[in-house]
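This report concerns only the one structure given below.
Chain lettering (A, B, C, D and E) follows the sequence in which the chains are written, and residue indices restart at 1 in each chain.
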Amino acid sequence: MIVRPQQHWLRLIFVWHGSVLSKIFTRLFLNFLLSIAVVLTLPWYSSLGFKLTVAPFSILGVAIAIFLGFRNNACYSRYVEARQLWGQLMIASRSLFREVKNTLPDDPHLGEFVRLQIAFAHCLRMTLRRQPQAERLSHYLSAEHLRAAMDSQSPANRILLIMGEWLAVHRREGQLSDILFHSLNNRLNDMSVVLAGCERIANTPVPFAYTLILHRTVYLFCIMLPFALVGDLHYMTPFISVLVSYTFIALDALAEELEEPFGIENNDLPLDAICNAMEIDLLQMNDESEIPARLLPDRRYQLT
Amino acid sequence: MIVRPQQHWLRLIFVWHGSVLSKIFTRLFLNFLLSIAVVLTLPWYSSLGFKLTVAPFSILGVAIAIFLGFRNNACYSRYVEARQLWGQLMIASRSLFREVKNTLPDDPHLGEFVRLQIAFAHCLRMTLRRQPQAERLSHYLSAEHLRAAMDSQSPANRILLIMGEWLAVHRREGQLSDILFHSLNNRLNDMSVVLAGCERIANTPVPFAYTLILHRTVYLFCIMLPFALVGDLHYMTPFISVLVSYTFIALDALAEELEEPFGIENNDLPLDAICNAMEIDLLQMNDESEIPARLLPDRRYQLT
Amino acid sequence: MIVRPQQHWLRLIFVWHGSVLSKIFTRLFLNFLLSIAVVLTLPWYSSLGFKLTVAPFSILGVAIAIFLGFRNNACYSRYVEARQLWGQLMIASRSLFREVKNTLPDDPHLGEFVRLQIAFAHCLRMTLRRQPQAERLSHYLSAEHLRAAMDSQSPANRILLIMGEWLAVHRREGQLSDILFHSLNNRLNDMSVVLAGCERIANTPVPFAYTLILHRTVYLFCIMLPFALVGDLHYMTPFISVLVSYTFIALDALAEELEEPFGIENNDLPLDAICNAMEIDLLQMNDESEIPARLLPDRRYQLT
Amino acid sequence: MIVRPQQHWLRLIFVWHGSVLSKIFTRLFLNFLLSIAVVLTLPWYSSLGFKLTVAPFSILGVAIAIFLGFRNNACYSRYVEARQLWGQLMIASRSLFREVKNTLPDDPHLGEFVRLQIAFAHCLRMTLRRQPQAERLSHYLSAEHLRAAMDSQSPANRILLIMGEWLAVHRREGQLSDILFHSLNNRLNDMSVVLAGCERIANTPVPFAYTLILHRTVYLFCIMLPFALVGDLHYMTPFISVLVSYTFIALDALAEELEEPFGIENNDLPLDAICNAMEIDLLQMNDESEIPARLLPDRRYQLT
Amino acid sequence: MIVRPQQHWLRLIFVWHGSVLSKIFTRLFLNFLLSIAVVLTLPWYSSLGFKLTVAPFSILGVAIAIFLGFRNNACYSRYVEARQLWGQLMIASRSLFREVKNTLPDDPHLGEFVRLQIAFAHCLRMTLRRQPQAERLSHYLSAEHLRAAMDSQSPANRILLIMGEWLAVHRREGQLSDILFHSLNNRLNDMSVVLAGCERIANTPVPFAYTLILHRTVYLFCIMLPFALVGDLHYMTPFISVLVSYTFIALDALAEELEEPFGIENNDLPLDAICNAMEIDLLQMNDESEIPARLLPDRRYQLT
């Protein structure tokens, strides 16, 4: 994610890093070259009776803009929902540990429990990004728990089961009444909601045909646009054509980035930073002394 | 559902499988033929004083695009809600079994309970797809339960009742306190929410008149468009006419597919894969050894 | 509600029943006649300096389309919410009876309770449709309860109170612990949510001024459209004018139908069928033998 | 609120009362006069080289329509949310009293409690409409409670506190177990949600700059429109200009009314009627004999 | 936040303070100067064959308006959600204290607890606005609690932990049953939801690329617009160009303000006033005598 301080409106126009411009530069450049070719060959192909006007492109442009707006909305909703799920994980983690600590203030194994919670967050993050997990999780989990988690199709779900067992042991030993066990269990269920929600977003893309239809119509529109503009604009065609193409192609490309919010591209969620903040919070709540440093945006305002 | 890896923007333009293009090809081809006929017969029917211009089609095009955008939204919401309901089933299933296993760790009938849960998921899937269920459910249910379920108007609801009875027996035998019985019951209620939500989506289509009005206006628009374009574009008419028609008809056809998200078309939900993942998860949580293989997309990236 | 099987795209264009076409046919026909008059009298009134062009209608058409889209959205939301409320009633009814049956399996009065639940659904349906209730409810309620319900401003609410009393008696007799009484009471509260939600939709229309403003602008737009089109299209004016008018007027008329989802028009909710399904479900859950037949769409695919 | 029976589409065009037309008539009339002046002075100012065309107004018109649609949406959401909050108050009130009556059926002070509930509704209504409350509330509250409420910044919140104390006394006396006290308390919390939600809507307007920007652009657009239209339409300019202005100004004015849903204008919520219905319901649930009459719309279909 | 009384529509057009006009005046003025330069140099650059027409700008204008509408929606949603979170804090604070006071009416430390609640609100406010907190919080917290909060990464979360401990002590001493402790704990969890929700909004901006793409296209559009208009409008170009630019740039600037709702700009949330109201409410509920004065809008209708 890009975390820039607010800037003067004029400077924003010249920002390169963090825009999708780097990604679509080739396509815009090809559009520019095509437009020049269209201008130069105009006399030849108009002599063949080949002619386009702006009017049908106006109809098409509005329709594509509306449908692109719809797809943007759908992709942005996924991004927002993904962020909300991680916010809910923060809420559930803090609430769960607060309740545990208030209810069992003198339990000698609180450090173990807090590490199970931290492991859950990192495990979910690494699952979503398809990163290898064993090494990192070994910092937080006992060997036995680590093996159980790694053997499972869904390691994060297994960690939840282990946390539930931790609480159930306290219930069986009489330290937790049924009411409080039920209450703590609800926090685990909240985490289960986050887990399955993230899995859902990661596994179910926006219907592929949307992407396809819009991709095609946007590119065909941009390819044919110079032919339509050249009659009116002549030498100005390449500039206007690139400006219009930029508007449409940039939003198409951004929607594609937002569709998969768990990646590590410029406009994806900073899961590393969220996990880091969660880890600091939980360790501080347990009054531990060794707290990791806080992750900050790098020189290019990038936070992963 | 189509699960494609992200691809180069240029290759996407030429993808055939998974688009709705295969479905609407005939219509676009008819539109192309009509456009050619319009170009060829232009001298004849203009001599009759028959004339169309682009301007009124511009008004109509914008209006149809806005209303089509609205219908797309309505159909996509159904798709998203259906997916969320299955996500909630995943959540409720895992949470229910985690609570049961943590509360009754040594119960000898956990295997029976986990199979009731798996049967519920498969039963719901097969009900929504109107597939015969008895054979599949017999893998998970005892003969008596299977008969009770099959005799019911809503077999999935009957399975819920059986699960509730399983828990109630433990309560009556004193193994579950009222608090924990209440908590587990809430998980069953969550499943009831999923069940009735899916039934609602399956039984209540988007109001038929929406489909009808848009269908008609889209097709009339596409049929008359070549007459309007031919004055300006002449020989280019068939190409632009097909491009505009593609944009409108493809989105109309996609909305139709998304409207019924439980089918087995390209853009429908992969219920088989979801049930399979749920089955693996639950069996692993019960530490069973015979776990079914995971379903993966086929050669054409299709996951049912 | 119209429940049609999916059909070939070509056949859909000619469907008459279930569209709003029957409702707006007169208006479209008047528009057609007006357009013909406009074409015929063109020489006369243009000699008076009376002239309209398409350009301002283009601005107006877009604005009306956007606002109509907004109103459609508002009305469709009411329809969707109404359907969801009835879905929640299904959920609450099944969950309530499942909990009651699991908790009090041998109670001799379960049949009475299940009939109270069924009476609630029918009573709500008939209240929303302003139908006389006493006769139907007498099948399910004792004379005393029926009188109490009929004497109340909100009979459905009174039935809820009676159900609460049924449960409270069991609590006072020691058959229900406070926890389970609390849990069952929450299901009654869910039904109360449905009741008040439906009352809200029935009593609070979309602000009347929306209806009025859009009605007026849509009709004025359609009346003046032929004058604007005739300059360009001449003899084609009536056809294009009716096509544009159809798009706008049909959506306006549909929004009006959806605004009141509890009626018995083509695009309203099939409350009869929902109540029927609920009744069958509940009676089967109580293992009763006399189950009413399932309601199916009639010959015209109509389900009330 | 206007509660009209459904009417013939033709009659709706001529409705005066309940539309915003009465409110914006002056503005439309000024627009009409301006348009006439523009037509008459056209020869003079065109000789000065002053000229406008429709094309830039087309861009502006679409943009304003989109932004106006957005603002309408925001204001309508406030209206809908306000109505939903009052619906939730209905739900919480009925559920709370049902639970109280079922749990404490023979308590001699139920009449006092039901009046506290009624007082809460009226107090909230009068707070939102900034009406004096003491006189009305004295019908329902004891002198001591009335004074406590009136001395508070938020009288409705104080009434909630008194209701909580009423329940707490019963708990301390052993008539309510902790579980049931907790359950009833949750209903009070639901009322607290309604209270703070209504305060939020009343105190936090849609950002003032939205209102301002749209106001300005709408009026500037309508003022300059006749200059742009006169070239094409000549004598027809005033009529078309007023029609376009009506569409934009009427929706702007309606959004303004909906923004403050708690007022007593034509399109505001009928809080009097809602409180009246709630009062009747609660008194009937307590089987009281003196029930106030039901409020109905007046001759002009107006319900306050 | 600007809190203006409703005003005559004519006066609104001339309001300066509270609009974003002060912020974008320079940009509009530059646009005006550029337009004049375009008009004056028209003969020179048209002789070079440099020519623009309105048609492509019409396509671009609609597309930008749609995408700007989308961004406005996204930013406004953040504003609304932020306001709702603070409303929920109000709800949770009142409910928590009501329950505490009703359950422990004679506890001598209620004053301490109410100050912990007030400290939480102020702490959250100052965290979101990145203001120094120690001085203000010292009015409400004991020295020990203050130090604990200040040493934490998230002081507000630490205050929640302290409140939980306050309740847990009462539970351990037998004054709170597990049920009531559980109920009060849920209110703390509600506060945790508000805390993490606000952190989420503050830390996760709308994807930077949206801001960038729209910024660029809006400004490029406004810069090139005069060249396109001058052909048709000549001397009127600067006026129309500024009007169109105002519509687009003002909404772009407003979206930027709303994106960060916790600031102290004209259109940001009045957190000071909300905290103040919460403080008064809680102190009055505890029947304290020293109540701070209520914050009111200043002379310019500004409430921070």
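As a working rule, contacts are C-beta pairs under 8 Å (C-beta built on N, C-alpha and C of every residue); 3 or more make two chains touch, one makes a residue touch a chain.
Since the structure is predicted, the reported quantities are computational estimates derived from the model, not experimental observations.
Student: What is the set of chains touching both chain A and chain D?
Tutor: E
Student: Strictly by the touch rule at the top, which chains does chain B share as contacts with chain E?
Tutor: Per touch definition, common to chain B and chain E: A.
Student: Have a look at where chain A meets chain B and say same if over half of the interface residue numbers show up on both copies, different if under half do.
Tutor: Result for this pair: different.
Student: For chain C versus chain D, what separation do you get between their C-alpha means, in angstrom?
Tutor: 23
Student: So how far apart, in whole Å, are chain C and chain E when each is placed at the average of its C-alpha atoms?
Tutor: Taking the average C-alpha coordinate of chain C and of chain E, the gap between them is 38 Å.
Student: At least two partner chains per residue is the criterion; list those residues in chain B.
Tutor: Those would be 55, 58, 62, 64, 66, 69, 179, 182.
Student: Taking chains as nodes and touches as edges, what kind of graph is this: line, ring, star, complete or other?
Tutor: Per interface graph, the chains form a ring.
Student: Please output the residues of chain D touching chain C within their complex, sorted ascending.
Tutor: 1-4, 6, 9, 12-13, 15, 18-20, 54-55, 57-58, 61-62, 64-66, 68-69, 72-73, 76, 79, 83-84, 87-88, 90-91, 94-95, 98-99, 101-103, 105, 177, 179-180, 182-183, 229, 232-236, 240, 243-244, 246-248, 250-251, 254, 257-258, 266-267, 269, 277, 280-281, 284-285, 294
Student: Could you pull out which chain A residues touch chain B in their complex?
Tutor: 27, 49-53, 55-56, 58-60, 62-64, 66-67, 69-70, 74, 151-154, 157-158, 160-161, 164-165, 167-168, 178-179, 181-182, 185-186, 188-189, 192-193, 195-197, 199-200, 204-205, 207-213, 215-217, 219-221, 224, 253, 256, 260
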